[in-house]
Every structure is written in structure tokens, then in C-alpha cells.
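Following this line, the structures themselves.
Two complexes come next, and they have one chain in common, chain A, joined by chain B in the first and chain C in the second.
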Partner chain A sequence: MSALGGAAAGGEGINPMGSAIGIVVLIIAVAITAIMAPAALGAIIGVIIGGLLIGFGVHFVPVGGAPAAMGQAPGIATGVAMLAAGAGLAGLFGGAWAAANPAFGIAIVIAAGAVGGGLMMAITCLMVNIIYVFGMGIPSASGKVDKDPITGDSQPEYKSQGTEGHGLPFISYVGGVIGGLLGGAGGTLIYYELLQVYSAALPALFNAEAAEVLPVAVSLAGIFAIGMFLVNAVLAAYNITGTIEGPHDPKFKRFPRAIIGCAVASAVCGLFAILIVVV
Partner chain B sequence: MESILLGVGVTALAGALATVAGAAEDTESNIGSQGDPNSQVQLAPQMGYIHRIYNKAVSGEPPAYGLWVTIGAGVAWAFMVTGMNPVLAIVIASALAIFVQGAYATTAYLGRTASLNKFEQPVYIDLLKSVTTVTMAHAFVAVFTTVSMCYLLNAALGHPFPLALLGIVWGIALGAAGSATGNPFYGKERQYQSQKFGAGVPISASGNIVRYAEAGQRSSLDNGWFTGKLGGPASGVCFGLIVFLELWRTVLFEEIAGGWGAIIAGVLIILVFMIIDRYVEVWARKNYGPYVKAEEATA
Partner chain C sequence: MSVQITASEGGIPHDTLMAVGLIGSIVCLYLTYLNGATGTDVFSFFGGLAAVFALIWGTDTIKHLCSYGIGTGVPSAGMIAFGTGVIAMLLATQFDGMYLAPIMAVVIGAIVGFVAGFLANNVMNMNIPVMIRSLTEMAIIGAIVIMGLTAVMAGGFGFDALSVTMVQILGPLEATSYASSLLGGCLIAVAFMLGGIALQHPFNACLGPGEQQDRTLMLAAECGFLSMIVVAAISFAFVSMFAAVISLIVAIAGWYYTYAKYIELSRRDAYAWLNAKPILEPKGEA
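Take a look at the complex of A and B:
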């Protein structure tokens, strides 16, 4: 079906053979890390968890694509991967800033990244609703549920004829914020783990002082974190196919597949990110 | 105290630059029809509606702006390494990035429009000449302000990311914020002005975009004027608020409660926005009421 949010043509469940192969690939990636760089074993597990968080978080983000831009479907009028990447990178910005402060532990760094992503989504979602309400004169209405699961507001009677709904119902707003929080936390976790690996390995590799190679470590970790963010966001977007309204959308139930896919992709990407400083 | 005052000042300046960037980004993307509604511009000739709307969307706004801002930031950094004055470096680098944008716009318009040849959609050379330069001008404003903002974040606020990396982060975030906020206003209120105000566009009306202006055929140039009414400023406010509040909460509250101050401030701001959103939603429902089907006029 099209981007208008109808039923998907097959592929709803988890493919046991594909999942088994994926998990074997994941275990091989972790095993190679354990052999080649035992010190980075914790880092690759952190990278995998970060990827999972991004993949899971993308499913919360309400995206309506082109139909949303015409008030034909609820959600934000852009692509899934694009919006999730925007929110997650805004989170990564905050997380990297916190990580630069030696006084802060991992909990503060991850929380700073999460809040950065959540804040970006909270502001964007509000402005989207303001445009719908004050620029187009349309109230929010979901096409997927009769009542908003949080507020209990009835949806069908506010839906314009011939559309799948429009605007951003409150459940979608909350979903967007949760997606931003998870995406920001996941991206920052990947950055933080890779930064630890590079900070430890690069001084010996370049035969230089730790302070001298810190900018290189920060840049490398940042580039890999952004790259892995896009990998996971695009993977999750393929799982969603087109549009999703948020956690109340039936498509949300597909997230386990994305989690397996994101874990495998993150493990392989993380392996290469670690091996470039070890081998 | 002095460092906090400087930090807040830089934060305000960065927020102002981001606001201009967001407004220019949305205006550029609507003149060039690069946002999500471009699918309707692409669809229209297939439905029999030949038009003079520019169409340069080969990728979405976020990756496109990620590219242009990163080119601007990377080249500016390279100039600064050679000892060039930062202001001059950012201006020249942004101009160079805009030549990439111009080449992209030209090839994208020609390629996308030529692909509609079998539906008898012509390539308008006058449109190519007039609209491309206008999108380049708007893109310059968006890229220059974003690169300047990234420079402030790195040089004045001490963010650890190098300039080019900040360019990727904020270029993609700029495109995401602009495309999310401005697109519905352009997509529904501009392209479907023939549809009733206060209702979504029925799926059956897809492709039937408004093609005529007050005098003659409409071109993409007057999308800039229309976007300037609400979509552009709203995108600017959106991106400006994101940058300002992200910096403001960190600069002011990072030292409080061992680093948790900025996080608590962020959570409180999110809750405030959530409450405002709920108010807007309830206001719309109360004032607009449920959807009413059009009634037949009775004699």
C-alpha cells in the first residue's frame, strides 16, 4: 500500500531464518572484538544497545510524509529517517558537549543527549500543530484510533472527509518526544563508547600525548556516531514503510524486527569502527 | 559571572542566526519545491495538469542541507586554517557551497522535469533561469547563518565538535525542522488553495495543484511571498527555539547539581511545550468543532 498508511503487503512477523542469521552475525562481530580488542568488548555492547535505542525510538516518531504536508494523514510532514536523524543529532550535540566535561559520568552524558533529542522533537511537534491549527484551520485527528489513548479525545468526527486524519494528536506528540529521547540517548551512547575506545587507543597509535589526539578522537567518534545513527534510522524507516502515527499505530508493533536488524547492523558497524584503531 | 554573560549573549546570537536560517531554508525549499509536497508537483502532469512550478527534490531537505552546510563549514574551516579572517572565510565558503546548490538545483530541475516528457510537461528555460538564482540567494542566507552559528558554538561556546561536524549535525537538524514545520503550509494552503480552508485535502484531489495566479500561470517565484506569511517565519521560530533553548539550558544550568541542572531544565522545558501543545489542540477542537459535510444549497 502507499504512503497513506494502509495495510502492509506481507512481512509483518519476524523471519526466523533471517533473525537467526542476523544473531549469528552479531555474535561473530562481538567475538572478533573480544579476540582482537578485548578492552573494547564493553564498547561494542554499548554501541549495539545504542543502535537498538535508535531503532526503537524511530518507531515512536509520528511521520506523515507528503500526505501530511497536504493534511491527508496525521504526523509530521517529512521522512521517518530524516526527522529521527534530525532529533537524534540534536541530542548528540548536547551529549557530546556533556561528554567534553571530565566531571560528568556516563549517566549525565546519556541523559543530556536524550533531553537534547526530546527537546528538538517537543519544539518541532508544537510548531507543526501551530501551523495546522492557525495556518490551515485544521484540528488534530487520528485515522488509526477512535480515541486518543492518553487524553481520551474522540477522533473520527474531527477527521476531514476523504483523508486519513491530519495534525498531530496528543498521543503522537508524546510519541515524538519519546522517540527524540530514545534517539538522542542511543546516538550519544554510541558516541560515548567510541570516544572511550579512541581516547585510549589513539595516543599509542600516533605516539602522541592524549590531549593532542583528543580532537581526532572526538571527530572520529562523532563521524561514526552520525553514520551509525543514519544506518539505524534508515533501517527502522524501511521497517515502517512510509508513514506512522506513533505508538498507537498498528505499524508500531513491527518494532521487534527493527530491533534485531539494528542490533546486527550496529554490531558490524561498531566492529569496523573499533578495528580501525586496533588493527 | 562574566563567562555566563558571554555565554548567554552568544546563545542569543546563535538563536537569532538559527531563526533567520530556518526562515530562509523554508522559503528556499518552497520556491524550489523541495519539501514533501513536491510529490504533488511531480504527480500533477501525470494527472493531466501541466504546470510552471519548479521541482528540484532529488533528496529530502535534511540531507540536502546537511550537504550544503557541511561544505560551507568545511571550506570555511580550511580557509581559517590558512589564516583567513573567520567572517571572510565563512562568507566565501558559503558562497562556494551555494554554487554546489545551484548546480544541484539546475540538474535536479532538468532531470525531474525531463522525466515527465511523456506526460507532455515542458522544461521552461525562463523558469530555470529565474527560479534557480532566487533559490540560490535564499540558500546562501540559510547556509551562511547556519555556518556562522556553528562557528559561534565551536569558537565561543567551546563545543568539542569541529566546524564541519557541527555543519553536518545542524545542517540536517535545520532541514528536518524546516521541512517538518513549513511544508504543510506550502503543501496544503499553497498548492491546494482551490480546496476548502479548514479541512484536509481529500486523497482524490492528489495532483490537482493550483496552477494559475491572479494573472497568467503561476510560477514558483510567488511561493516565496506566500511562504513569508507564515511557513517561513514558523520554521525560523522552530529552529531558533531548538538552538536557543538547547544552548541556553546548558550554558546556564550545566554547573548546577553536578550536571543534572541542565537535564532537569530540559525536561521542564519539554513539559511546558507539551502543555502549550495540549492547549492549542483543545483550542482548535473547541473553536473549529467537528467536521461538517458540505450541505447542498437549497433554493
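Take a look at the complex of A and C:
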């Protein structure tokens, strides 16, 4: 492979050796947490599930990159990581708002995060289609399937020659919203679990009132959640290698690899994030 | 599908740049400890210089990685660098008491980056020869840049110092405040995004035919100083007025020099690309 301008890698199938090593790393990270911070064992499992949700959710998000900007591919004209980060951070706002209210339990917090992420994706998909259809004058058509799996509408008649489809077909729109829901829920779960750890440990660490150190706990949990969100989103983007239409795209079948990868990455990042209150 | 990315060959070898970037940034981070030794905070600006060193190194790493068609665009590489880097940097601040924070940022960054690189290469089947090494380097770079920018803002990078500030009430009375500290105000997120943009922008802006290493790296330094201007402005809230003014002057002077150099190099490459001669400004006649 040349060092310059090589083709995008990322074939099909699971690498058994790499996945096995990854799962061993995950178990080691959980074991270290269990020994050094037994109270945070539940939190690291929550963080792993959160990362896994993000990695899975990213595969639903329709991304077209530069070809979509030129109307040559369905999807939103930006990178997977950027879009997933947008949905996740929007979800985090919703989740953080709900987490600040002590009356709300974990279910409501995560639901609020999911709604935030899903809403962001729904608005983005809507505006993208308005620009495509009314601004650029191109109909939405998928290049990967003949019939839209949800509406049953025929696609090839609307697809321009030489393109992979264009606009944002209904299935991609629905996929985007599902991706936003999962991403927002995953990011919020990471934030919520870390917030529990920090708000329990920081008052003792600083010898201060819980309410006084709450801003530090919120800030730490927030920045760690953002960091882990980006790690998971980029790893999932590497799995997709560029563009994806949504759940009907053949690339979607690669998601098991991303789930393994994101779970391992979240376990290692989560371990370090929890160690900050232990060392 | 991937977009072919053309990058120049030759120039300063990557290993040399890595050595200069790593040693330069660690030395600069340690120079900020002069703040504690002398009891002032005028040496905060060394943090910004550490960030600039690391950004120059990081831009070359991104160029190295993204010259393979990774298919996700250059910005995603910058995002994972800072996602892993912020985790390493925050844990490293806990080792500040033993003067180990910069070293620990490198060590923890290397661990997190190696794991991310291994997962990308062996679980996601990217199979890119420089993937593991590049993501390891970039996690270290992310950690160093955030640590450097934090040092400019707060005058240091100890976890306790970042979490607590003394606020004056009615003049002589002082009270501890967690909410108005660097972490409590989540200014770390500002350092995160300023560093992230400065890392991912230069190669993204310069890639393509006619990309030249010296021009790309000059843009990296320019972006670093630009980020430093912003954190120097924020530092007025945390360090003494004198120290903040020094940081601001260093940042503006560095930015002006690198910006002028970058424009000069851009013109040089534009002439070379067009195979044209510089247009001479007419003199004398009005």
C-alpha cells in the first residue's frame, strides 16, 4: 500500500484475534476498577454500555461527506464524527438538564438525553432535505436499495446516472433519528454514571460540602463524556470508512465490530476517568 | 469511498519532528513549574509554547496518517486525539504534586492512544501501517496541548489548583470557590476545542497538490498562537494582570510572526504552482 492516496481500508468480517485481545483488555479494565474503586463498578459498566450505544447509533446516521454536498450521494454533507458528536452533545444538554433535577431518576435522564440527540438529528435531516429538494432541486433517492424499506417507494427512477443516489430518503431520515436517539442516550448514560461517581467522591477529596463541589463534578463528568463520545464516534466512523446511507446500507452490517471496539475503548477511558478520584 | 489525499514528500523527517515536538513541549511544560518555584505566575506563557510545539508535531502526524485514505476526513483524527487526550490530561493533573504531571500525561496518553489505535487497526480492520503509532502520538499531543493551554489560563495544572480558586469578597475577605475555578467553569472545554481546531485545521487547509511541509507546519504554529491569544485573554480571570499581559504579548507576537511567514510561504507556493513570477508592485508613478 502506498503511503500516498491509498484506498480506504476496512473490509468485511470480524478479526477474531483483535476482538479477543480487545475483550481481554475490557475485562482487565473492569477488574482494575473492581479492585481500586469497588464503588464505581456499576459506573464503569454503565460507561461501557453507553459507549456501545454510541458505536451502534453512529451506524444509523446517514452521512455523505463531500459527495453529498455535490448531490452525488445520499446523506448529510459532513463527517460521521462531526454529526455524531453534534447529536451526542445535543443529547448531553438534554440529559444534563434532567440530571440537575434530583427528582428525576436515571430513566428520565437517559430519555431526556435520547430525545435531545434524536431532536437534533431530526432537525438536521429536515433542513438537509429542504436544501436538497427546494434549494438544489434534486429528489431524494437511495442508491443502495430498489424500494424504500419503510414506505415501499421505488427509488431507481429518481436516481441520477453516475451517482450513488442523493437527498435523504425516508429510511435514511428515520435511521438518522434512531441514531440520534441511541447516541444521545449513550452519551448521557456515560455522563450520568460519571456524575454519580464524582458527586460521591469529590466532597471527601476536597473536604467540602457536596453542593460546593458540584460544579467541578458536573464539569469533569461533562468533559469526560465529551471525550469518550468523540473516541467512540471516531472509532465507529473508522468502521464505516466514510459514507453510509442508514440501516439499509450494506456497510451497516459491520456494526458488530464497532460494538466490540467501542465497548473496549469506553472501558479503558472509563477506567482512567474513575481513577482520577482514586489516585 | 475515499478521497485521494496528496501530501508532499521529503522535508524534515517525521521522527525528527516528533523528537523536537515531544522534548520541546515537555521542557516548556516543566518551565511553567518556575511559577511555583518563584511564587509568581509570569511563566504561564510557557504552557502556550508547549502547545505550539505539540501542535506542530501533531500536524505532521495527521499528515502522516491521513495520507492513507482513512475515508473519514482529517477532522476526525483531530477529534479522537483530543477525546483521548483530555482523559489522559485530567488524570495526569493528579500527579502534579510530585512534578510528574507532564510525564504522566505522556504515559497515560500513550496507553489510551495505543488502545484506540489497536482497536481501529485490528478490530475495525483498518489495516493502516501507521495507525497505531499515529493514534498513540496524537493522544499524547492532545494531552500536552490541553495541559499547555490550561497552564496559560490557570498558571499551573494541578488538579486541586484547577478545581479551587480564591475569590475576594469586599476587598480583604477571601473565600474558596469551586464554581468559579477553571474546572468548575468548564473552561477545560474551551482548551479542548481551541486545541482541537488548531490540530485538525492546518493539514485540512493545506492538503492537495502543492502541499509543502514548511507551509503546513507554519500554519500549525499560527493556529497554536491564535488559540493561545484566546486562552491568554481568559487568563486575566485567573492569574495576575502582569502575567496575563505577558502571555497575551507572547501570543500576539508569535501569531503575527507566524502569520506573516505563512502568507509569504503561501505566495511562494502559489507562484510555484502557477509557474509564474511574483507580480512586482509598480513604484514611483502614481
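Everything below uses one rule, namely that the second predicted complex is superposed on the first by the 269 of 279 C-alpha atoms of A that agree within 3 Å, B and C clash if a C-alpha of one lies under 4 Å from a C-alpha of the other, contacts with A are read in each partner's own complex, and residues count from 1 in each chain.
Everything that follows uses one rule, which is that a contact is a pair of C-beta atoms (placed from the backbone, for glycine too) under 8 Å apart; a residue touches a chain by one contact, two chains touch by 3 or more.
All figures in this text were calculated on a predicted structure; none of them were measured in a lab.
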Combined model on chain A where chain B meets chain C, clash or fit: clash
Which superposed partner A:226 touches (first chain B, second chain C, both, neither): both
Partner chain(s) touched by A:177 [first = chain B, second = chain C, both, neither]: first
Partner chain(s) touched by A:243 [first = chain B, second = chain C, both, neither]: second
First (chain B), second (chain C), both or neither touched by A:85: both
Touched partner set for A:272, first chain B, second chain C, both or neither: second
First, second, both or neither for A:65, with chain B first and chain C second: both
Partner chain in contact with A:166 - chain B first, chain C second, else both or neither: first
Which superposed partner A:42 touches (first chain B, second chain C, both, neither): neither
Which of chain B and chain C A:151 touches, first, second, both or neither: first
Clashing chain B stretch [against chain C; choices 44-52, 116-124 or 278-286]: 116-124
Shared chain A contacts, counted only where both chain B and chain C touch the same residue: 4, 65-67, 79, 82, 85, 215, 218-219, 222-223, 226
Chain A partner contacts - residues on chain B that touch it in the complex: 35-40, 60-63, 158-162, 165-166, 168-170, 172-173, 175-177, 179-189, 191-192, 197-206, 230-231, 234-235, 237-238, 241-242, 245-246, 249-250, 254, 258-260, 262-263, 266-267, 269-270, 273-274, 276-278, 280-281, 283-285, 288, 290-291, 293
Residue ranges of chain A in contact with chain B within the complex: 4, 65-72, 76-79, 82-83, 85-87, 89-90, 92-94, 96-101, 103-104, 108, 111-112, 115-116, 118-120, 122-141, 151, 153, 157-170, 173-174, 177, 215, 218-219, 222-223, 226
Chain C-touching residues of chain A, taken from the complex the two chains share: 1, 3-11, 13-15, 17-19, 21-22, 25, 65-67, 79-82, 85, 206, 208, 212-216, 218-220, 222-224, 226-231, 233-235, 237-243, 257-258, 260-261, 264-265, 268-269, 272-273, 275-276, 279
Touching residues on chain C, where the partner in the complex is chain A: 1-7, 9, 67-73, 75-77, 79-80, 82-88, 90-91, 94-95, 108, 111-112, 115-116, 118-129, 159-160, 163-164, 176, 178-179, 181, 183-186, 188-189, 192
